[in-house]
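Next, two complexes with chain A in common: one pairs it with chain B, the other with chain C.
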Partner chain A sequence: MAIGVKIMQRPEGQLSYVRATVKGLALTVSHLFQRKVTMQYPEQKETADWKLSDRWRGTHRMLTDEQGRAKCVACGLCPQVCPANCIKLVAGEDEEGNRYPLIYDIDEFRCVFCGYCQEVCPEEAIHVGVDYENAEYQRERFVYDLERLCSQTHPVSTLWDPADPKGE
Partner chain B sequence: MAEDQVTLKIEGVDVTVPRGTTVLEAAKRAGILIPHYCYHPGLPVSGVCRMCLVTVEGAPGLQIACATDATDGQVVSVFDSAASDARQAVLEFLLINHPLDCPICDQAGECELQDYVFQEGRARTRYSDYPKRFSPVEDFGGDVLYVPNRCILCTRCIRFMDHVAEESVLNVSERGDRAFIGIHPDAVLDHPWAGNVIDLCPVGSLISKDFLHKAYAWQLDRTPGICTGCSQGCNITIETRDNSIARLRPRTNEDVNRYFMCDHGRFEYRWMNSGDRIEAPLVAGANGLVATDWSQAIARCAEIVKGVSGKAVALVSPRASCESLYLVHQLLKDFELLSACPVEVVEGEQPLPGVPNLALRSERAPNVEGAARLGHGAEYDKALEAVKDAALVFVLDDGYSQFGDDALSGSENLIYLGTSLPDAARNSSVVFPMSNAAEEDGTYVNRDGRVQRYMQAKTAPGMARPAWWITGALLSEIRGTDAPATAGEVFDRMAASESAFAGLSYETLGTQGAFANKASGAGVGCDS
Partner chain C sequence: MTPEFKGLLLAAVVKIVVVFSVINVGVMLIIWQERRQSAFVQDRRGPNRVGPFGLLQSVADGVKNFMKEETYPAAADRILFLLAPVMAFIPAMLGFAVIPFASPWPGFDFAMPVLGRFVSAGVVPMVMADLPVGFLFVLAITSIGVYGIVLAGWSSNSKYAFLGGLRAGAQMISYEIAMGMSLIAVIILVGNVTLSEVIGRQQDSMWFIFPLLIGFFIFMVSAFAETNRLPFDLPETESELVAGYHTEYSSMKFSMFFIAEYSNMITASALMAALFFGGWDIPFTTWDEGDPSVVKSLVTMVVFGLKTWLFLSLFIQIRWTLPRFRFDQLMHLGWKFLLPLALGYIMMIATTVWALDALGVAFGIRYALVLFGANIVLSYGLFWVLDRDRLFGGSRPGNKRRIA
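On to the complex of A and B.
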């Protein structure tokens, strides 16, 4: 005994694909005449009317003094304020008796990029950077040591609007 | 009201104090801290810092609370506008030449200048147009560095050296805004108690070379302890960072060390941080010692102890707690026991003249008196001799004495409890890893008979356990008694069975200690 199959009878207009295809193509073609928003990354990283915000908080950078040494005095405020506990700091003393960081490691995986370290730094040494190209081949490379932090060249973040006196 | 009591009102709080008490001390009783720099309860009053200015009703002008006696009916206000303004002005003067180098200053976080400026100082300087006076850092000798820029000339250090250490090597040199703390040109600050000037300094001017750049106040965990440097039993605070002891500082105990500790004791933390440790119980196998777990090691040890009788030798350490020394005795009481502890004696006490009955004692161990009271003798050489024909040798903490490599070689059944494994203990039957004095709770008895508690400041490495726990577990395995769960439980058992500790309880010892019963039975009390 055959199974009874009920065949739905739909109107001709719904069954035809022609109308839907034309509608779709019309949308596609209409985009040809609109302003282009696609950026040719990585060849192109910013356009005239779009760039990364100055307040972008990305991977860190340690600023250096005229002699190329880190400005950090190992005061210990950034590991203290860090909510993710990602900064490892061991203080030492250099030949001139100045306090400086023997070890200064930031685990960028653990970092939540809150920017508190930059905000708290009394020497304006550690900064979060305007940078997002952080790919590495080894996970270990995401722990940035002092040398690496000092050799970064990307711009640093502006945490507040310099024009706004209340910002600081 | 008694004749020798006065009642005064400080910031609206009535407080009754003995006649002769200063307003500053009376305010402390009332729960009000009058800001001060030069005043310190352990030093003579000098009144130079002008920080403790308060308004006393009826008195002309402001008074310095540290040198004003409390009188009956006095009305003192600390935080009224006149006193607050005056103190703010004092702080402003102090900051004229202060380098404000808090980020690199070791005192940051425990600096009274920081605290009071934050509390009642001006928000901004009015002296930014003038260059600050600069003087280089000076090495005072000993453990002390002097940073003149940070100095506020409170003269606490000078008064400590003059009146407490009684070796006048410091003074105020120059005058006016050029003044600084000077040291006699031929002298160094190497008095055995000189390290106290670092603690006394309210700012970061006198700093410790040993502690330099190690940690900030807010990174440290603090635990009350007892100094292990000598038989004086000074109360200390053990300050640890990341499970490692960063420094030891004196803890106030008016009856023992007041506010001070000696430099020898200050550096007694290094052995506590030693990384050379046994981390698991070891039992003798065919090829020497093999690591095992606690239950097997304890079962093996109990088997050995039960299997032999006759002579036993216990070599104990005067650094071991009373609790473990007591349990060792309990464990070996069925044997013909010869027990001894070695005491390192360094000739010549180093007293602190300004405090009665306080010195770096020649017996360089914290629990000599406790060991003696618990029946562990001092004839160490005789005990070492007896090792050869003893049925059982029980060693508690070698850390202190240096055994010769073959000192224990004649012993057949050697039970060894220690922090590290010297060559002499390689022929042990069982080795138990034990915690050191910073890693366990316990009590010490100082040379005057004061029983004092110390607490665990860091965790022990690996599987190491306190000696009282190990001996308690052995005792329970052998006798079937309950194993003690805490040091306090052992102490209370000891107090119940040993007349030398009768009447004491772990709870009532508190943080200041109490006197043990000296055979006759004087009961608990803080005066002997």
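On to the complex of A and C.
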């Protein structure tokens, strides 16, 4: 023996190759008939024991009021709080003095999905959503404008579990 | 051309085309099965997207491999590098030529409008070439296959591929011997090497798995090593040698090694079925041994396919059951266990056969049962008394380990 190889001291019953092989085969064959754990993704988005969390923070969604206008009042808190600096907001004002966003773009590429915008929003207008299927063919398409944000339909993220607000 | 010659030609061409395409489609399906079965063992589902149940997955992979870039290592020996996959591929396809895959097809005699009359000389044996050298041809051809692997390893000019090629060479030589030795027992029983003879003998008595149990065991272990399948896939050990001998190969050249490996598996399985499991023989009935008919040929072909498939499934199942051997363990198993065992086994079989002949027992079921009994005694000695620790210089406390 060239190098000191550690020799395992195994109990008698574990020494046989044949017994080990037969036992192993029994195990692997039994697994052939066991329930498969793979989720068939595009057809099957959740299973009995797994579903996407309600607190999942995905692409944004802007809520609208009864007239179909964005709830946003262009207060400027979300671009202020955004750590990734991905929100572009240009505010406008109508004749009655109500502020509204002229431009409201979110660059989903820069976004880190921290959810601060949703947390800081006084009007509950901007939300991160429970959504992850957002592939696009062009990079430009990842800058979501106001119209696109308003037309998203996926559920919005709950920032915390209402039953357990302190995260206990 | 005489009608007889045309008949011979027609039969040969049809058989070759059918067998070649069946093997290639079989390889495709067995790759799919390997992936599915592997997945099932691991509680996954495996490829199930391309075609029904993912059956066309191999086709998709083939298309992908044709599209991929062919890479040539800068320091590779160009000619040998190109030649190696071919040298692995062709023997893999050739091996099946001597294996009978169905009961004989009835003789034919018909005429076609332009080509004229076709007459077969008697019944058509369902084997591509019923060579007098029989299964020795398979052993010879599979040994040639290793040249492809060794050359692939050497010509790639990569240390991993080189080591893989060396290992393949050493492994092939080692296990070829045990394999050949285990088949001598078959030769003793049959007195001939042609596989049709072997199958006929098994129909006269019983499947050789019973009288040659240990021989089958040796043959199977060697076949695993010969086809470079786990637990003996030392030539490609992805954990140590990247991908072994085909590390530097890409696209279709890699695919050829892959197909060669699987068609070797098919040939080895078919050989096991033919030598030890009665070939195309249907058990518990003599219906298939009577006058040849088309139905019989087709049914026995299916039966033979089933037997082969069972071994292929075993190949795959073993892959997920046994961990890979270390190289010294592999050599140890080949030279210090299987070879002496095979030699001793020849002695035992020869003695028993001699004794039976001396007692005047006619070859038949009784003859085979006596041999079966002798095998049971020997296997009891092997697997329950000697077992691993003494045979392999194992690790029982107080035993000096004999692996050098």
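Points worth noting:
Assume the second predicted complex is superposed on the first by the 133 of 168 C-alpha atoms of A that agree within 3 Å, B and C clash if a C-alpha of one lies under 4 Å from a C-alpha of the other, contacts with A are read in each partner's own complex, and residues count from 1 in each chain.
Just so it is clear, a residue touches a chain if its C-beta (ideal position, glycine included) is under 8 Å from a C-beta of that chain, and two chains touch if they have at least 3 such contacts.
On a predicted model such as this, the values are computed, not experimentally measured, just so you know.
Once the two complexes are laid over each other on the shared chain, residue contacts for A:97 go to chain B alone; chain C is not touched.
Among chain B and chain C, the chain that touches a larger number of residues in chain A is C.
After overlaying the two complexes on the shared chain, residue contacts for A:138 are found with neither chain B nor chain C.
By the document's definition of touching, of the two partners only chain B reaches A:76; chain C does not. By the touch criterion defined above, A:53 reaches neither chain B nor chain C. When the shared chain is aligned, no partner comes close enough to touch A:153: not chain B, not chain C. In the superposition on chain A, no contact is made by A:44 with either chain B or chain C. Those residues of chain B whose C-beta lies close enough to touch chain A in the complex are 102-104, 108, 137, 212-214, 216, 218-219. Contact residues of chain A toward chain C in the complex are 1, 7-10, 12, 15-18, 21, 24-25, 27-29, 31-32, 34-38, 40. Those residues of chain A whose C-beta lies close enough to touch chain B in the complex are 73-77, 80, 91-93, 97-99, 122-123. Of all the residues in chain C, the ones that touch chain A in their complex are 37, 39-45, 317-318, 320-322, 383, 387-389, 392, 394-397, 401, 403-404.
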